[in-house]
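Heads up, the next two complexes both have chain A, just with different partners, chain B and then chain C.
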Partner chain A sequence: MELRQVIAAIGLTALVGADLAREVRDGYCSDLLSDVLAHAKAGDLWITHQRHLNVIAVAKLRDVAGIVFPRRLRPSPDVVARAQAEGVNLLLAEGTAFEVAGKLYRVLHP
Partner chain B sequence: MRWWRADLHIHSTLSPCASLAMSPARIVAEAHRAGLDLIAICDHNAAEAGRYVRRLAGAAPAVLMGMEIQTAEEVEILAYFTDEESPLLLQEELQASLPDIPCDPELFGDQVVVDEREEIVRRVDRLLLSPVDLPLSTVVRRIEDRGGLAVPAHVDRVPGGLLAVLGLFPEGEWPLAVEIAPWTPVAAATASWPGLGTRPILRGSDAHYPEEIGRAWTELYLAAPTLDELRAALRGEGGRRVRPGPELKEEW
Partner chain C sequence: MPSPTRVIHKRIYEVAPRDLERAGTVSTAVRRELLALGMTPDIVRRASIICFEGEMNMVLYSKGGRIILLVRDDRVELLFSDRGPGIADIDLASQPGYSTAPDWARELGFGAGFGINNMEQNSDLFKIRSRVGEGTVVRATILLGVPFL
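Showing the complex of A and B:
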């Protein structure tokens, strides 16, 4: 499913919409970046509370479809600027990581 | 110059997760038993216990003031200082930004400062075992601005290790050196983590119990066991160097 459809279906806000036509294949939840580097797959929508600048490098390395920050968490301006420069989609969610993951799962695995 | 044995990661009674037996007197006695020339007292987000250990130890072992700071990203950073004022001021700033969670001794353990006469001088009410509300870059800057040395703790370990939590080294020069966990073989650490092999590697005991003091250590080739000499060794100046001791055979 295209990222723009996922955004509409589960109520995300695009903070950096670098490529909203990107295909979302699956999801991954983790705040440990070493774990994401080891286990996330290309095309995953990645849900995380971690907002260190390294999230952008990790997103690029794993080629995820985008990063979702739950619970209205906002990344700092340097993270946003790097995402724009690197073309990484950043999404914001009102709900908790559990809620975002649950909604995403339903949409991707109806 | 000669080789000195250092254990730069020792908790005291002030860390809730550490044994109440970790008083200054016991720490100094165990450091003598382990043949340590240089130690650092690194409680979670707290520095004040180091003062009393230092008073008791005199010059043997030499005692650095230290802290193990948990950043907002939940990365743990060891901070080392020579003077007492700088870490105590930093401790105040850090503790002001800790979440207001009381330490329930039943759940977390006691947080007490014990002096050189084995007397409890203070009990800290707010739980120290929480991340401060400051990002890693800010924590490192505040340590360095006050003349301290910031070394990421047990970088390969979950929880709290810089590489485990953040996956990669942050951009830039920092860190000058890293600490690896007591049980990680150096070869395994450098094989697993890109960039690790290009920096000096330290090993500390992360002792929470008296018998753990000196279970892991680092050998330092220095003119004297001081922070300035350690920093020079991490930069490889004048033939100074560091050599991590062997790993513990199994995880405790």
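Showing the complex of A and C:
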């Protein structure tokens, strides 16, 4: 499913919409960077509470479809700037990581 | 010993200790270089992960050092060398889940103890040499396929 459809379906806000046509294949939920590098797959939507610069590098290296910050958590301007420069989609969610993951799962696995 | 294959591409990157702001820039650059050389997505992904984990280990634990990207006809090599403090027990440090990371690093999602394991899992050949008080050298090699085909 295209990222813009996912955004509409589960009520996300695009903070950086670098490529909203990106195909979302699945999701991954983790705050451990090594764990994401080892187990997330290309095209996953990555749900995390980490909001520092290195998440942009991890997202880029793992080629995830985007990063979702739950609970209205907002990354700092330098992180947003890096995401724009690297072309990484950043999304904001109202609900908790559990809620975001649940909604995403239902949309992707109807 | 097989004769060494031709070096197609070589880059040397300096890594500063404790500089988390810049951490990740070497692996991002390596990724870009390999994509520009026309490497397959799988090779690029594996090399990027190896490089990120190695870079993070150098930033978090070492006194700084450098990373060398060496692309040969038949392989991609990543060499990490730092100026210490060295690893006393490499087998222990390589165990998944073992970590000496301070709390501040763990809170940022680093230091979960899977770094060396991730590097090894993505390498075809992997070697760590270390001397306490002197430094650590890691060589991670990805083979690009059977060279005579």
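Just so we're on the same page, the second predicted complex is superposed on the first by the 110 of 110 C-alpha atoms of A that agree within 3 Å, B and C clash if a C-alpha of one lies under 4 Å from a C-alpha of the other, contacts with A are read in each partner's own complex, and residues count from 1 in each chain.
Simple rule for what comes next: contacts are C-beta pairs under 8 Å (C-beta built on N, C-alpha and C of every residue); 3 or more make two chains touch, one makes a residue touch a chain.
What you see is a predicted model, and the numbers here were worked out from it, not measured in a lab.
Visitor: Clash or fit: what happens to chain B and chain C when chain A is overlaid?
Guide: When both complexes are placed onto chain A, chain B and chain C end up clashing with one another.
Visitor: Which partner, chain B or chain C, touches the larger number of chain A residues?
Guide: C
Visitor: Using the touch definition from the top, say if A:K60 reaches chain B (first), chain C (second), both or neither.
Guide: In the superposed model, A:K60 contacts chain C only, not chain B.
Visitor: Under the stated touch criterion, which partner chain does A:R72 make contact with: chain B (first), chain C (second), both, or neither?
Guide: It touches nothing on chain B or chain C.
Visitor: Considering only the touch criterion stated at the top, classify A:L37 as touching first (chain B), second (chain C), both, or neither.
Guide: both
Visitor: Have a look at where A:E86 lands relative to chain B and chain C in the superposition and call it first, second, both or neither.
Guide: Second partner only, chain C.
Visitor: According to the stated criteria, A:R106 is in contact with first (chain B), second (chain C), both, or neither; which is it?
Guide: Neither partner.
Visitor: After superposition on chain A, which segment of chain B among 56-64, 74-82, 92-100 or 110-118 overlaps with chain C?
Guide: 74-82
Visitor: Which chain A residues contact chain B in one complex and chain C in the other?
Guide: 31-34, 37, 50, 52-54, 57-58
Visitor: Would you tell me which residues of chain A are touching chain B in their complex?
Guide: Residues of chain A touching chain B: 31-34, 36-37, 50-54, 57-58, 76.
Visitor: Enumerate the contact residues on chain A facing chain C in the complex.
Guide: 31-35, 37-38, 42, 48, 50, 52-58, 60-63, 86
Visitor: Within their complex, state which residues of chain B touch chain A.
Guide: 73-74, 135-136, 158, 163-168, 170-171
Visitor: Show which residues of chain C lie in contact with chain A when the two form their complex.
Guide: Per the touch definition, chain C meets chain A at residues 20-21, 23-25, 27-28, 31, 41, 45, 48-49, 52-53, 56, 108-110, 112-115, 117-118, 121.
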